[in-house]
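Handing you this structure, nothing more for now.
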Amino acid sequence: MKRVKIGIAGLGRLGRTHAQNLAFKIPQAELTAACSIVDAELDYAKNELGITELYKDFSEMVNKADIDAVVIVTPSTEHPWQIEAALKAGKQVFCEKPLAVTIEECKATEKIVEQYPDQIVMLGFMRRFDPSYAYAKEKIKAGAIGQPYLVKATGIDPEADCQSLIDSGFIPKSGGIFIDMAVHDIDLMRWFLEADAKEVYALGCSFKHPEFKRDGDCETGCAMFEFENGAMGQIHVGRTAPHGYHIETEIVGTEGSIRISPVPAKNLAILYDTNGVVQECVRNFPERFSESYVLELEEFINCVIHKTKPSVTVYDGTKATQMAFAAKAAFENHVVTPVEH
Amino acid sequence: MKRVKIGIAGLGRLGRTHAQNLAFKIPQAELTAACSIVDAELDYAKNELGITELYKDFSEMVNKADIDAVVIVTPSTEHPWQIEAALKAGKQVFCEKPLAVTIEECKATEKIVEQYPDQIVMLGFMRRFDPSYAYAKEKIKAGAIGQPYLVKATGIDPEADCQSLIDSGFIPKSGGIFIDMAVHDIDLMRWFLEADAKEVYALGCSFKHPEFKRDGDCETGCAMFEFENGAMGQIHVGRTAPHGYHIETEIVGTEGSIRISPVPAKNLAILYDTNGVVQECVRNFPERFSESYVLELEEFINCVIHKTKPSVTVYDGTKATQMAFAAKAAFENHVVTPVEH
Amino acid sequence: MKRVKIGIAGLGRLGRTHAQNLAFKIPQAELTAACSIVDAELDYAKNELGITELYKDFSEMVNKADIDAVVIVTPSTEHPWQIEAALKAGKQVFCEKPLAVTIEECKATEKIVEQYPDQIVMLGFMRRFDPSYAYAKEKIKAGAIGQPYLVKATGIDPEADCQSLIDSGFIPKSGGIFIDMAVHDIDLMRWFLEADAKEVYALGCSFKHPEFKRDGDCETGCAMFEFENGAMGQIHVGRTAPHGYHIETEIVGTEGSIRISPVPAKNLAILYDTNGVVQECVRNFPERFSESYVLELEEFINCVIHKTKPSVTVYDGTKATQMAFAAKAAFENHVVTPVEH
Amino acid sequence: MKRVKIGIAGLGRLGRTHAQNLAFKIPQAELTAACSIVDAELDYAKNELGITELYKDFSEMVNKADIDAVVIVTPSTEHPWQIEAALKAGKQVFCEKPLAVTIEECKATEKIVEQYPDQIVMLGFMRRFDPSYAYAKEKIKAGAIGQPYLVKATGIDPEADCQSLIDSGFIPKSGGIFIDMAVHDIDLMRWFLEADAKEVYALGCSFKHPEFKRDGDCETGCAMFEFENGAMGQIHVGRTAPHGYHIETEIVGTEGSIRISPVPAKNLAILYDTNGVVQECVRNFPERFSESYVLELEEFINCVIHKTKPSVTVYDGTKATQMAFAAKAAFENHVVTPVEH
C-alpha cells in the first residue's frame, strides 16, 4: 500500500485535471507538493486539494519536497530544463506533450534523459490510453487486421470554441495547426504503424475564419506521409467542427480495418425527433479524453512502483515533433518534404 | 419471352403504384386491362399507361379481357367476391391485403379458393419481400440465430400525415389500429416464428391526438402474443413518429438476434451539423417499401409462369386477421384473449 | 474538505466495487470501517484497502465505529434490519437494491424510515446514474420528447455467464427473472414516466436452457404494464445474449423518442473484416455500469454533506418490488394482474 | 407516350446491365438495336432481349438502324470514334466512362462534340445518380454544410475479387489504380467542390498482393489534390476490402459535413451474435450502384425527350481524366504534379 508521492508543476486548466486525478482517482498516487509561478494556482492547490508543500520555484520543489516523482504541466518552453532538473534531483518524470518546442531542444533533451537510464521519463500522449485506442492497438497486435499499412486520422476542434481562440490571440503563438494539433494524430500513426516517416506533403485552407490564413496558419490542414516501410498516413486537422470535438482514426491493414469514433457520440442515447435520428457529440477534449488522463497517469505510477519503462518515451516526442515540423514546412513551401531524424 | 397479361382492378394511390410497376418494371408482365368505377382512374390508365381495355365492371373484365391474371387493389370489402369471380373466370389472382374485413369472410374466401386448387391466389404482404426482411428470413433459415422465440415489432406512421388522417374521418372507418396497422407486424411474426398465436393481451393510449380515443381507437397500441409453441411476440404500433415512417422488427433466437431498421434511414448519407450526427429518415410507406411492391409482383408473375405456389396464401391473410381481431378485443375488453382458429 | 466517514457492510463482488469506489474514487468519502461475517472479506478490507476498523457484527459497527454513514451490500434478506439498526445509531444509509425480499418487509421498512425523517436512506438503482440514462432524463425534463407515454425496456444477461449461473444453483434462489432482473427496468419505467403502474401481464419461455422452466422460472420474460396515467411499459428480460450484456431502453413521447444503447458497444472502435462491420459489446454489468456505481455514491455523499434528500428513496424500492411481484404473478397465473400499492 | 429508340453498342457485363435497364426499367426508352463484334453478345440481344436489329459494325448501326440514340458500352479505346460516328449520323449519345484513354483523345473528342451543339453527349459517371450522392448534392446546394472545401473519398474494391483480377492479367492493362478506380472519386470531388484541381501528390503501396507493385501499379493509392479555389481533396483507393465493396465520401464545409456510406451495409438488417453487432456489406459495384445505372439512363432519356443538356458532359470526362493522369504521374515520380487543363 505504499503510495508514490507526487509534486505537480503547473496548475492551469490541464494541470488541474492532472492534479485532481492524482489526488482523487489514482489510489497508488499521493499528491503532496505543487509548484506554480501563479499565486492563484497555489491557492487552488492549498484550498481545493489540501496540499501543504507549495513552491514558486520548480528547482526548489524537486530538491526539497518529499516527493518521488513530478508531473510537469507547465508551458512547453519550460519542459526541457524542468525535465533535466527533476532527473538531476533523482525524481521520476511525467511531462505533458510536447517534449520541447524545437527539434534541437527535443534532441538535447533526449541526450539528457539518456544520462539517467534508471529513471523514468514519460510523455503525455494521452490518446494512446483512451480505452478505444488501446483496444484497437490490442486487436491489431492480436492480428485482427493483419499488417497495418495506412492510417487515416482526423482531428477537428469544435467551432464553438474557435472564435474565442482567435480573439485570444492564440493563432500566432500556437506554432500552427500541424504542430499544435496534428502532433497527436502523428503520434497515433507512428504507434499503429510501428514505423517512422520518410516524407510528407501538406496543404491547408481557411474558408470560415480568414484569420488563420492572415496569421500564416490554416484553419484546416491536410497532410500525407510516406513511412520508411512503405506505409502511408493521411491527416485531416481542423478547427471548425460544428457538431463538437471530432477525433477519428482508421487503421487499414492487409486483413481488415479498425475505425475509432466515426461518430463522436456524447453517450449511448439517441434522439428520434423531427430532425431525424440524432446523436449528440462530445464538446471538447476534456470530455472526450477524461478517462485517458487518468489512465496515462496510472501507467506512470505503475512504472514508478514496478520500476518498468513507460510505453511513451522522449523519442516518441521527438519523432512526432519532427514529423509535425516537416508537415508544417511542406504546407508552407508547397513541396514534398523529408522528415529529419 | 411470353409475358403474363394482367388486368388491374382499382387505380387509387396504391393501385397506381402496382400499375406502374406492372407496366414498366416487371419485364415478364404486360398490363393490358384496367377496371375502376372511378372515371378519373380509367382516364389515368388510358392516358398515362396506354391501356386500351378499360372496364367499369370487375366481372366483365375477368370474363372478357385478354388477361391471364388480375391484380386486385380495390376497397377491402370487395376483395372476397372479386377473388371468387376471378377464379371462376380462370384467372390467377393477386389481391392486396387484407383478404377480407371479417374473419367469417376470410374463412369463406378460403373455402372458395380451395375449390380452385390449380389457380394461384397470392396476398400482398409486401414487407416479406423487402430485401432486408427477405435477407433476415434467409439468415434465420440458415441458422444464424438458432431457434427464433421472440419477435419484437414496431410500426409507426409519420406524425406528418396524422392530422390529415384525422381530418379525413379515417379513424372510425379504419377498423382500429390493430386491424389497420398491426396486421403487417402480425404477419411478420407468424412468418418468422413459423407458429400460430394462442392468446393476446393489448393496451392502447392517445396522448397526442385525443381524437383516436374519442373514436374508440388508440393512437398507440401495444400487444403481447403467446404462440402455440411457447414463443412470444411484442407489438408497438403508432401514428405519431416525428422522424418519419418507422418500421422496425427484431427476431430473437437461441443463438442470436436480427434487428431490421432500427434507424429507418432515408439513404446512406449522414449529416454532421450543430444538431450532432443526423440521419434523415424515410417519410412514408411508399418510400420505404417501393422495392417490395415490385418484388412481390415479380414473385406473383413467376408463380404464374412456372405454375408454382406463392409464399403468401389466403391462410396467411386469415390467420393475421384473426390475430389482429383478437388484439383489438383484448384492447377493448382489457383481458387476455384467445386467438380463434 | 471534511470527508464523510463510511462503514461498508458486505464485501462480496459488488461490495468490493463499492468499497474501492469509496476508498479511491470519491474524494469526499473516507472508507474507515468494514463489516462482514466472512473472514476473507475482512482480510480483503484490511490488506487491500487498509481499513483498520473491522467488525463481524453489523450492529456493533454502526454503534461503535467512527462513521457518519453505512453502505449496505449484504444479502437482500438482511437489508431491513440493518437499515433500522443504522438509522437507530444515527447513521446515514445507502442500501443496495432490493429494499427487501417481500412487499410486507418493504412496507415495514418504509415505516421505520419514516421515523427518522432527518436521516438519509438511499437505494442503489445505479442505472439512473449512468451518464446516458441521466442525459435522457435531463433531455426529457427539458421537453425534448414532449410527454413520455411508453417505455420499452430490454435487459439481457450474457449467454457467456448463463451455464455457470445454472450450475451454481442460482435459479431457484433468485426469485425469478421478474424479481431478479426486471426490477431495474421497472424502476427506469417509473422514473421516466413519473407514474405508478396499475396492471401487468407477463409471459415467459425457456428455449435454450430448459433448466429455467424446470425450476419454475423462465429464461426470457416479457411483460406489459399499464400505468395509472394511461402510459404503457413493455419489458423484455433474458439470460442468453450472445453478444454480451444488453441493456436497452426507449422512452417514447408525444414529440419524439430517446433510445439508450441499442448497440451496447464496448467502446468507440469498429472493426471492418470478413464478417462485415462489427462492434464488439460490453461483457457484463460491472463493465457497463462501472461509472454508475461511482456516480450513485457521489450523490449519496453529496446528500450527506449538503443534508439534501437522495433522488432514489425507499418508496422507489417498494414500488418497483410491487410491480416485479405483480409481473411474476401474471406470468405464473397467466392473467392480467393488478399492481398492489 | 412516344419512346426514345435506342441502339446499344457492347453487351459485356456492364453492357448487359444497361441493356436490361433500357429494355425493362425505363418506360420512355425502347431498346431496338444492338451492336457487337462478339457473336455471343448478339445472340444474347436476340434471345434474351428480343432485339431484331442486330449489327456487327457500329457505323452501320448508327446509319441504318431506326434509333434516336446510342448507348456506348464498348472498350474505352473505341469511345472517341464511336461518339463521332454517332453524332455524324445525328444520334444522341450516352457513353460509358472514360471518355477516352489519353488526354489528347479526350481533348480531340471535346472538339468533335462542339461541332454538334444541338446533340447530346452524356458521360456515365453513375455515382452522381446514386440516391445518397444525389441527396448529398441537393443538401449542399440548399446550404446544409455552407461552402464545401474538402472532399475525402474512399473507394475500395472487394478482396474477394482481387486474386481473380490479378490472375486475369488485368493489372498491366488497367492503366493503374488512379486511372482505373480513382477517376470516379475524382469526378465526385469536382462535382461537390464545383472547382478544378491545380496540383496533386500521390503515394501507393502493395502490402497484400505484391503483383500490383511488380506490374508498376499499386494495390492501395492515396492522393491529395489542391483545387484552384483553395479547396482540397483526399483520396484513398484500394483493391482489398475484406468486408465487401467500400465507397465512402465525405464533403466537409464551413457549416457542416455530409458523409456517405461509412458503413456500406447490404441492407437494413443487423445481426447480434457472438461476434458482436454485425452489419453485412455490399459485395461489389453492381450491387451497390444498381439503381444508379437506371437513374443515369433515365436522365439521358429525359434529356433526349425534353431537349435539355445532361448534367455530366465530355468536359467532366476530360477533367477527371486529367486529374487521374496527374495523380498517376505524381505517384510514379514522387513529386507534386500540376494538373493540365
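Should a chain be cited, it is by its letter among A, B, C and D, assigned in written order, with residues numbered from 1 in that chain.
We adopt the following convention: contacts are C-beta pairs under 8 Å (C-beta built on N, C-alpha and C of every residue); 3 or more make two chains touch, one makes a residue touch a chain.
In this text, all values refer to a predicted model and were calculated from it rather than measured experimentally.
Enquirer: Could you name all chains that are in contact with subunit A and with subunit B at the same time?
Expert: Output, common partners of subunit A and subunit B: C, D.
Enquirer: Which chain's C-alpha centroid is most distant from that of subunit A?
Expert: Between subunit A and every other chain, the largest centroid distance is to B.
Enquirer: So the centre of each chain is just the mean of its C-alpha atoms; given that, what is the distance between subunit A and subunit D in Å?
Expert: Roughly 42 Å, centre to centre.
Enquirer: Centre to centre, by mean C-alpha position, how many angstrom separate subunit C and subunit D?
Expert: Centres of subunit C and subunit D (C-alpha means) sit 57 Å apart.
Enquirer: Starting from the mean Cα coordinates of subunit A and subunit C, work out the distance between those two points in Å.
Expert: Computed from C-alpha means, the inter-chain centre distance equals 38 Å.
Enquirer: Please list all residues of subunit D that touch 2 or more other chains.
Expert: Those would be 242-243, 255-256, 259, 262, 264-266, 272-274, 280.
Enquirer: Per the contact definition, I'd like the list of subunit C residues that touch subunit D in the complex.
Expert: Within the complex, subunit C touches subunit D at residues 241-244, 246, 263-266, 272-281.
Enquirer: For subunit D, which residues count as touching subunit A in their complex?
Expert: These residues of subunit D touch subunit A: 146-147, 149-150, 152, 199, 201, 203, 205, 207-208, 220, 222, 224, 226, 230-232, 234, 236, 238, 240, 242-243, 252, 254-256, 259, 262, 334-336.
Enquirer: List the residues on subunit C that touch subunit A in their complex, please.
Expert: Result: residues 1, 20, 23-27, 50, 131-133, 135-136, 139, 144-145, 255-262, 264-274, 280 of subunit C touch subunit A.
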